[in-house]
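Structure provided below as structure tokens; questions to follow.
Chain lettering (A, B, C and D) follows the sequence in which the chains are written, and residue indices restart at 1 in each chain.
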Amino acid sequence: MTEQTTREPEITTRDSLLDRTMQNLREAWRDVADWRGGLLSTTPNPNLPDKDAEALKNQMRDCLEARGGEVSARARAANLGRLYLSLNAKGRKRFLKILATEFDSDHHAVNKAAEQLRQAGDNSEERAKAERALRQALQPPRGRLLAQLNALPEGFHFLVDLRAELLAWRQDDPALGALERDLLALLVSWFDVGFLELRRITWNSPASLLEKMFVYEAVHPIRDWGDLKNRLSVDRRCFAFFHPRMPDEPLIIVQVALVDGIANNVHTLLDESAPVFEPTAADTAIFYSISNAHEGLSGISFGNFLIKRVVDELTTEFSNLKTFATLSPIPGFRDWLDSKLQESDADAELLTAAERKALVTAANAGKEPVSLQTLLATSDWHGNTELAKALKPPLLRLCSRYLAKEKRPGGTALDRVAHFHLSNGARIERLNWLADTSLKGMSQAVGMMVNYLYKLSDIETNHEAYRGEGKVMTSSTIRALLKS
Amino acid sequence: MTEQTTREPEITTRDSLLDRTMQNLREAWRDVADWRGGLLSTTPNPNLPDKDAEALKNQMRDCLEARGGEVSARARAANLGRLYLSLNAKGRKRFLKILATEFDSDHHAVNKAAEQLRQAGDNSEERAKAERALRQALQPPRGRLLAQLNALPEGFHFLVDLRAELLAWRQDDPALGALERDLLALLVSWFDVGFLELRRITWNSPASLLEKMFVYEAVHPIRDWGDLKNRLSVDRRCFAFFHPRMPDEPLIIVQVALVDGIANNVHTLLDESAPVFEPTAADTAIFYSISNAHEGLSGISFGNFLIKRVVDELTTEFSNLKTFATLSPIPGFRDWLDSKLQESDADAELLTAAERKALVTAANAGKEPVSLQTLLATSDWHGNTELAKALKPPLLRLCSRYLAKEKRPGGTALDRVAHFHLSNGARIERLNWLADTSLKGMSQAVGMMVNYLYKLSDIETNHEAYRGEGKVMTSSTIRALLKS
Amino acid sequence: MTEQTTREPEITTRDSLLDRTMQNLREAWRDVADWRGGLLSTTPNPNLPDKDAEALKNQMRDCLEARGGEVSARARAANLGRLYLSLNAKGRKRFLKILATEFDSDHHAVNKAAEQLRQAGDNSEERAKAERALRQALQPPRGRLLAQLNALPEGFHFLVDLRAELLAWRQDDPALGALERDLLALLVSWFDVGFLELRRITWNSPASLLEKMFVYEAVHPIRDWGDLKNRLSVDRRCFAFFHPRMPDEPLIIVQVALVDGIANNVHTLLDESAPVFEPTAADTAIFYSISNAHEGLSGISFGNFLIKRVVDELTTEFSNLKTFATLSPIPGFRDWLDSKLQESDADAELLTAAERKALVTAANAGKEPVSLQTLLATSDWHGNTELAKALKPPLLRLCSRYLAKEKRPGGTALDRVAHFHLSNGARIERLNWLADTSLKGMSQAVGMMVNYLYKLSDIETNHEAYRGEGKVMTSSTIRALLKS
Amino acid sequence: MTEQTTREPEITTRDSLLDRTMQNLREAWRDVADWRGGLLSTTPNPNLPDKDAEALKNQMRDCLEARGGEVSARARAANLGRLYLSLNAKGRKRFLKILATEFDSDHHAVNKAAEQLRQAGDNSEERAKAERALRQALQPPRGRLLAQLNALPEGFHFLVDLRAELLAWRQDDPALGALERDLLALLVSWFDVGFLELRRITWNSPASLLEKMFVYEAVHPIRDWGDLKNRLSVDRRCFAFFHPRMPDEPLIIVQVALVDGIANNVHTLLDESAPVFEPTAADTAIFYSISNAHEGLSGISFGNFLIKRVVDELTTEFSNLKTFATLSPIPGFRDWLDSKLQESDADAELLTAAERKALVTAANAGKEPVSLQTLLATSDWHGNTELAKALKPPLLRLCSRYLAKEKRPGGTALDRVAHFHLSNGARIERLNWLADTSLKGMSQAVGMMVNYLYKLSDIETNHEAYRGEGKVMTSSTIRALLKS
């Protein structure tokens, strides 16, 4: 009998992609491991029982002591990586727990160096020496072991995926949290923006790369290859950052439409039957989707640089572009509104008398009172022209308030997408009524979308105002809504 | 208003691909033509009326006389090409007719050189001179004009498509046939097998290339991207020839499955849910689809070289491969059988008494006579186990006779796929019952497929035997069927 | 003992490059030939004696009859190629002679077709048929055999080199001349300008490519790698045409200097210690060297297209460029002048009285008569300021006359470089005194060089005037010289 | 007047290469800086006087506070980089000193965190928190500013060069030493072996890359392009590590000769007129030159991995290779010997009576006593066969003692090349008499060279023995010499 694996399905989920990555790793590391011979039983128990745990500890120690030289140590690290892949979730947690606790920084050495520092006082030379010793003592060996895995084929990718696992598990155990932070520090250094490469993605890109867009798209799900092809038409641009050690993996993807005037509706942008626009005639670039591809890189910020770089690229290619703006979802509005609506007397608080009246009229010709909550719960209210018309003014006003005024404890915008663009120096430009009536669009923001405007000359000031004083910059249109 | 073109649909037809090519040409040539200024009215009548025809003749003459130098002549040729693209079918035929008749070889010069030759007699020097003059005089200027188009961006591709049009129209006019032969001579030289590059097509190939496979696949239509991805799995290989001047256009595509033993059913091969086979363990390579991509290259043979080159590639990559065979359709069997069945007393001619009896028993428990023709006309007879069982022996026998014995007037096999593989030195190896029960498979060959075997050591002898004496090589299995 | 070959010397000569090519071919074909087994004795006599000649004839016949199929025929052609490489000059000539005479066109078939044509008279259908038959009969089989070699690795390059050999030998035998013409026809088709790729050569190009520039440079020999690097500085551009089947072989190379004003001295251009010019500030592009790389491609014109393409490239990169001109050698002036000077009373014919007087004064303070011929024979006369001053006016005048007035029988310019640029539509712009005082410069044109100007708006008209009426376009400066 | 820079000389020195790099940086950063406007006077005083120093401090602060966002901060960092390039050595030192001292870690925050740690005692949660705070406080802001430069074009390369400057200056000021260590930490992370790419260097590599080999070769200087080409012949291999952010810069280069038996003489290897060896017949790979290219990367070890990777590559390509060894210089032998010879009664200590007698006989037929020191000072003694013969036994013995027995205080081998190979797991295999009689070879090791042998099965054990116990592994030949 020959070995058989399941024929690959058409990729549609993030999970199947991860599975495939793990499979690739197993294949990539098979030979590396053969290079050196196994240190653990060849078919370890996937639960990593106690007896294996002890062997594991020794193997980790051998790696860190670089027995047999640095090359051999890396080879042993391959074995550790291969072992990790063969474990189930329980075994993996044990593996990581051992790494986190047994190879933490040496408390004794840390205390000693701290004491040295205290004694150094103002003696700058002594102080420098003590700081150096302290810095050294505070580097837990587990971090070096993680770094050794980078020498493996695909080891870099493995570490990114490993952090995704650690993020999911760190709640269960603070030791895993500490390990996760070590790994983050490593990744922050390696994913320095200086190493990132901006590449355009087109219909001439490899199918295996385009296929990943289905998985990574986080804003407007891609229906099928026709939808995807449309997003790569001549009046569109798609860019992503890549890292040289993960050349086939986009890190963050941005999709741009080249249009005339600021787009106010995402269905138009995604309509495959719409005519193609002559891109050299476009005056506006609309960023309508920005998606981070790797959970394991969360907390490492690329978006800011990406937007800047893409604006540069577009400006170079299209001299007629004057306006750079987004067409963005408002992911938290509905939740915020719902919580408001559950307060007693919500409608009186949130709506004017005139608005309430208009709603009742539209809903049932004024026959009986009806709450905003009830109306929004009606499926398909946006298909009812009268009702939609009555809902529009209060919802626009409430949404502008949500975006511009509602803050988190630290003073940043409550809406996470708003926070992202405001941090980058954009301003809130315009709310668009019934701009996304998909199920997702309705449930996130009762069909509204928002444009954030990147005015190149104001970006720096806007950023400072938002970061320093928490000031949210808005257009006059939004300001009018806020005042109403 | 800005210029608008229709947003591209997901490509599914050969026509939409041709349209796109024409559109690409128009764009590619727009600037070339600007380079030099137009010689015809800028928006010519697409019917090419008489007055324009006269202007056209002059422009063609200018090109051929290379007025302003060779570079300018090529620029003028661009104008001619652009003009051609702007015409409708009627206009194009007129265009080509003018080219064919007005720029034919010079009869007077030809006659003169022929006379020179006659007078040269056995004087070898005189004779050589005369032959040279004759050869020269027989090169019609229209050929040079076609060649000038090659200097344009995509001009090479244009000439290939132009021949496809000429092939369609040559019946209507012998002059177009002569032009088509000139173009063929040009293409034969340019598509010399020495210029072809064999490239593997994988799931990492550009989506824009993979998309063309949907259009060019001539044997087993590709259902969707999942089907396509399956045909590019690790236990498959797909190769194509490319020409350096059409680097994104496959010329001929072959699809291979790596399996254990000679495949007998195409549904198994195309089943996306079947397990993946470990390719290094495969002992057999099955060529299950060979498709020519360009009508305009018909008559220029690539398949022979392609198979040889692919066998070389596979042998290098997989040392366990022992057998190279096809799983091929039998496109002409049903037609041949139907014509036989229309003769009087067909069943008596074609079937043995026992077979006839078995058929009647299977069809209606022997109650009443039934003809083979009637049975085959029953839809879904292959779902009737009894009936299928009864039909199998006579149909296998008849099909083996069709493949191995039925010839065209020139002595070559009647079936065109059989002819292709027999010419290449393969032998008929095995008939496979109910190997393709798709609509196409049933209508072409009542569900049967055939394996042609390429035994490397016999290829040359087989080829000679077939080419020289029309001898068809068969396996003992087939010979047994033929004798039965 | 293991096989040893001589360690490669630093390439400096065309011969060593050819040797290396031949060696590459031998290696490239070793495996191809193994593929099929030898038809000749494995170590043939390099003289190709009669007995081998007979075997050769049979092998050629087998190729042409495509015995064993087209693939096998090409394999046999590889054997022929390998055999050819193993022969010495005498053997090769015999090889080619056999090919030329034994596989010439079939006289009987040609005569028959010619007769058919005669009988066809005005019957257009019969005539077309006869012409077709005649064209067919006039294709000598030897041409097909040459084409078969193209399928070999490097076979294309081999055919180019083969033509170089045929050109050298065709004087010896008219049959070789006929074969050479067949090969030329093949190469003309394959080297159609549509297949050529313009590539820039820079200091980042492979050393193995740059090394070839030493060999191919035909105008100003490259002294060493420092000289070469200087010619690839930021204020220089170097371009070459390549063919996809010979991707590492430049076909024709042009070297351009970006300067301020039309350059008048080649030493300045080639001075490695001169400051680098900021290329974006340049208003003039000087084409100071154009070299054909392959003898085997002589008669196939690339220069015309090359100049056009390079002008396009430069215009795109440098928007300040206004002037495109050459700084060219005048290879035939000295020979022409010398022949004039040998006529009796040459000085009286060629010089004015004042000039003669000035010369004598400068030469020996007027003491004794001295002829122009004698003066020019003096080594280093150009170092003598007085003398140089006296020689300048007559030599400039004579040279302008040589360039603009002296013609070949067909009416084209006598100087071959002048003919090349005039055919391309340039005009004679300026003569430069003491512009190249190298040994070569002195012996070709007594130190003078000439600028040809490519004025884009005039190129077409200039070309027509020169081609049609033999009219040579000149600047007012040159016209003044001509009148003086 | 247009801007002019000096025409580039043929690169021969490391300095000219550095100059060119700096020039490249200036060009690369010109536009980046324009992007954002200058913060300092546009033409700063290259000495960086006090008033500019203050402005600089503010600019550094702005970068670190990321005013205007991270993108702007990087833009400001570009300005700092540009400023740095415009300074002279004095100004640069001041620049770095400001960075080192003004942006050191915050002492107060460090002390506070250290105190927190002390109070945490055994409370693991508190302790973890305190360690985190301490780690954070110990990251001096100056490090982040260095990292920001990485986002610039060529910024990565700049940082490598910057460290080279810091290494040269750190003696002058401990603050620069601290900055150098911060930079080292950054580079260690970024030059993790996982990011390095092994590439082969061949005669087809870009001339601009090959040119760098002249500069970086540290063992046997490359004479000219002919010498270089010889080192890239078919019986040679040259490999280098590259980093994706410095794709044109080799980091460490190794040159290998494929030979029969272990090479004992470097002149033979570098002899351009020697015949080429058929590499597939070679049984031995000789590493005859390993050169680190960048001073700024000293202390970051690549050699170990490089040798391992190259052995893998060679084994894959050449199945006949059995032996991997070096032919290495012995850089410290002569110095060591000279110091020994300066001790009183040195000859009696170092030589046997027989050896002394033999020396005197060879030197002057035994007429008068002569010291070893005097003899070695004789120029060209190795040309004197008699003398050389007498010197051979004692010098071989002394050299084997030097290599195998002489240690540094830490127990590692005194000779630095010996230490490198012994650390990597090689053993001392053979001393080669008169193996390098170049000036350098004589002055370093009186003409001797040594082979280190890499026996794959022993590498790990050898490494452990050397690292753990300082045990030097030797061949029986060397052991015999040691005993003699």
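Throughout what follows, a contact is a pair of C-beta atoms (placed from the backbone, for glycine too) under 8 Å apart; a residue touches a chain by one contact, two chains touch by 3 or more.
In UniProt terms the chains read A, B, C, D = Malonyl-CoA decarboxylase.
None of these values were measured; they are calculated from a predicted model.
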- In the touch network of chains, how many steps separate chain B from chain D on the shortest route? 2
- Task: Touching both chain C and chain D: give me those chains, sorted by label.
- Result: none
- Query: Which chain pair shares more contacting C-beta pairs: B-C, or A-B?
  - Reply: B-C
- Item | Chain centre separation in whole Å, for chain C relative to chain A (CA means) | 61
- In whole angstrom, how far does the Cα centroid of chain B sit from the Cα centroid of chain C? 41
- Query: chain A to chain B: how many Å between their CA centres?
  - Reply: 49
- Item | Residues within chain C bordering two or more other chains | none
- Note on the structure: Each pair of chains that touches is included here, namely A-B, A-D, B-C, C-D
- Within the complex, chain D is touched by chain A residues 67-72, 74, 105, 107, 110-111, 114, 117-118, 125, 127-128, 131-132, 134-135, 138, 147, 150-152, 155-156, 174, 178, 181, 186, 189-190, 192-195, 244-245, 301, 304-305, 308, 423-425, 459-461, 463-464, 467
- Item | Parts of chain A lying in touch with chain B, wherever the complex brings them together | 2-10, 203-210, 225-226, 229-230, 233, 260, 272-278, 281
